[in-house]
Structure formats: C-alpha cells, structure tokens
Amino acid sequence: MTTLGARMMEIDEGKVAIEAAIGSQVLQQHGAAHAGLAFSIGDSAAGYAALTVLPPDQEVVTAEIKVNFLAPARGDMLRATGHVIKPGRRLVIVTAEVHAIAGDQETLIALMQGTMVPVAP
Amino acid sequence: MTTLGARMMEIDEGKVAIEAAIGSQVLQQHGAAHAGLAFSIGDSAAGYAALTVLPPDQEVVTAEIKVNFLAPARGDMLRATGHVIKPGRRLVIVTAEVHAIAGDQETLIALMQGTMVPVAP
Amino acid sequence: MTTLGARMMEIDEGKVAIEAAIGSQVLQQHGAAHAGLAFSIGDSAAGYAALTVLPPDQEVVTAEIKVNFLAPARGDMLRATGHVIKPGRRLVIVTAEVHAIAGDQETLIALMQGTMVPVAP
Amino acid sequence: MTTLGARMMEIDEGKVAIEAAIGSQVLQQHGAAHAGLAFSIGDSAAGYAALTVLPPDQEVVTAEIKVNFLAPARGDMLRATGHVIKPGRRLVIVTAEVHAIAGDQETLIALMQGTMVPVAP
C-alpha cells in the first residue's frame, strides 16, 4: 500500500475503496499506468472487503482473481472498490471495479472477480 | 519494468522470461511479496511473449488475465515465464508461470492465463 | 438452447435473461445440477446480451469466460441474466449471474465475467 | 457424463482424459459444438483429476474455473485432459485442455484453469 502510494478511502461491511495516484513511476510507453497498478489496488480493495466480513483475528490471501481491462488507465489517480459477493468460512467470493479519475471524469478501466481464503494470522 | 527492478532474461519465439528481485518495498505483513508483483511480472512476460509472434511495429495490451496463486512469494527473486498458446491477428492467447527463487530452490507460486490484443503503436 | 430446454425470458438493450428447467438428466450424484448447465445458460445469456449492442448482421463467439460457483444448483430451474459491461467493435465485455429458483426462493449460484468477440455471420 | 455421452479414457495420478462425441444436439448455428460441451467435459476431467490426488472418500466441487476458447469445436469428438497443478487439503489447482478430433487431426480448442474444493461425501 505504501509503495503504491495507496490510501484507504472507505470501509463498510463488505465494501472497501482504495485510491492511488498515477505517478510517473507506473507509466508505460503508452502514457497509461501499468496493468499491475490497477491489479494491485483492485486486489487489495477486494482483500480488505473480505476482511470486513471475517472475525477480527483472521487474515486473507488471494486464491485467484481474474481481471478484464476495459480502458487505458489514464488520469490523476485510480480508485478501486472491492465488494464481498458471498462470505464464507473457507472461501470469500469478491469483485472489484477500478476507475481512472481525471479531474471530474471517472472511467471504469478494470473489472475483477476472485476468491479470498481466510487464514490464521 | 524499471520500477519493479525487472530484467528480461530470455527471449525466444513465443516465450519470454523476466526476473525481479523481491525487495523490502514489496513485502507484505506476512513476509511474502505482494500479489501485485507476481501479477505484474507475469503479465509483462506474457505480453512480451505475445510481441515475439507479432510484426515488429505492433504493440499489445492485456485484454484480460486470470491468476491462481499457489504459494507465498518468498525468496530472493521472482521469475516469470510467458508463453504464447495461440497467436492471432486479433487475439493472442497466453499463459505465464511465476516461480519464487530462494537459493537453488524454485517454487511455482502463480499460474496465469490470458488474452493479449495487438494494437497499432 | 433446445437441448438444454432453455427459453429466453427477457431481452433489453445490453441485458438478456434465460431460464432452463433443472431436469433429471443434468443432476449429479449430489442432487444438484452439473456445473455445465449453469455455465451454458450463463454463457448464452452473456452472448445474447452482447448481440443486443451489435449491428443486426453480427454474431458473437465467446473468447473467454470465468465462472465462480457460489452454491449448489438445486431447485426447479436456473435463471441466467447476462449484462454488457462495455460494448466494443472488437471486444464486448460481459457478466452474467445465475440463480437457482426453488418455489419463490432465489439463490445466486454462479457469477461469470468474460469477453465476447463479434464475428461476421 | 451420461447425458453428454462422455466416457473416461485415461486415469493416472493427477491426470484424467474424457471424450465425448459431438452429436447433432450440441451443434450451434455455426456448425460447431456449443461452448457448454467443451466446458462441461473440461470441468469434469479437471474434477476427476483432482479426485485422483485425494483420499478415496472425498468428493470435489468446482469453486471456479476460467476457459479461453481458441478455435471452433468442429469434428467427430472432443477430448478433455485434466491435470492437477497443485494438490492441497483445502484447494486443488487444476488445468484442462480440450481438443477437437476430426479423423486423425487434433485441434486445441479450449484451455481451462481453475480451483477444485474437496468436500465430505
């Protein structure tokens, strides 16, 4: 989170939003942020969303996640919103959307769907 | 690539390997590298592998990719190997494996399967 | 569609719903419908949803799709609802939810996210 | 399996092959088999492969699976080969390839990657 310059913006039961600035160090040749930045904050938002539906002493690891990239990640920052679709003791099914924010314009750039596994700390 | 400290280690027709050190800035609470690092170099290796089967003036973007995480990313470095499964003018189907390397021990930590789309530069 | 006993229930711009009875021929040992039934009608609903945003002479093929199964497919019938997330000339990004319906109870049993490719007929 | 006309052709530790004829009831408008047939036998082959690495009294359910379709499913039959990539008590990571067989020609038509969950019978 620190390395990416990411900040948690919103925490609700089953929903977490994270933002990260699009700094020059994540830009690719095309002038858009590397797919890895969108993935990283989307995965983190989904993981933190899973934590909100688990007992306080649990942690989670990502078992698997799939991402469709919809548009180039251009703008000032990315905002990822993670959601719990189905909580569970063994598996927590999650989704995340990642938007690129340029001024007052928001563009959906990535859609993610995956599985978090609760683990003992 | 520079931000991640990643280096291209091998380029063949339809196959590219990339390595990145596991630096302290990518470590999580668990002492393993963040999922985003494995994703980023796996996605990059798969994308560069796709480039090897396209005309020299083409670029690629990741349309979608799915990753299963098999083990924690512990060790000195990660090595991602990307493969072209099916080349195509509109879609290039790719896979990637990511290994964590600790001394002379290699552990498969992530398996990826996705689609690259050729684009004009 | 005929083989599965599937019927189209709703067609809107970017949204299509399909239902199929859970007949004895698709039941597994567990007394739930085979994963292949949920996949098939979810994939079909997503594909028909993609058709609603394309010119009338186009067809689509599924390039890739991922499904998370959330609960056993028990009940009288399955209803799949496909949505277009992002239309496009080359790729149409879609999702689908599949519910099992038992009397007046609906359970979300599968969540799908994929890519349809428009093709000439 | 019976409904699809599928037969198990090969069972090894961590590897299972299944074949199904492409009958007229699974053909689509395009003259190729419906994506659901390839998915169903690929998913079954992957699930049976997972069973080979579990204690005899265990069963499995598919938690999630992703499929990339590489070519139309044309020919006499489909053969799916499922592989265990990583066994585990909680999760078994699997892949499957599906080939279409027309005479002595084999074409890779689908590639799958997923997660099976062992369950008590």
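Annotations
A, B, C and D are the chain letters, set down in written order, and residue numbers restart from 1 in every chain.
Heads up, the rule we're going with is that contacts are C-beta pairs under 8 Å (C-beta built on N, C-alpha and C of every residue); 3 or more make two chains touch, one makes a residue touch a chain.
Note that the structure is a prediction, hence the values are computed from the model and not measured.
The greatest centre-to-centre distance from subunit C, using averaged C-alpha positions, is reached by B.
For the interfaces B-C and C-D, the C-beta contact count is higher for C-D. Taking each chain's centre as the mean of its C-alpha atoms, subunit B lies 26 Å from subunit D. Chain centres here are Cα means. That of subunit B falls 31 Å from that of subunit C. The centroid of the Cα atoms in subunit C and the matching centroid in subunit D are 19 Å apart. Counting partner chains per residue, subunit A shows two or more touched chains at residues 63-64, 66, 68, 115. Across the complex, subunit A is touched by residues 2-4, 25-26, 29-30, 34-37, 39-40, 43-44, 59, 61-69, 72 of subunit B. Across the complex, subunit C meets subunit B through its residues 63-64, 66, 90-91, 115, 117.
Listed in rising order, the residues of subunit B touching subunit D in the complex are 66, 68, 70-71, 85-86, 93, 95, 108, 111, 113-115.
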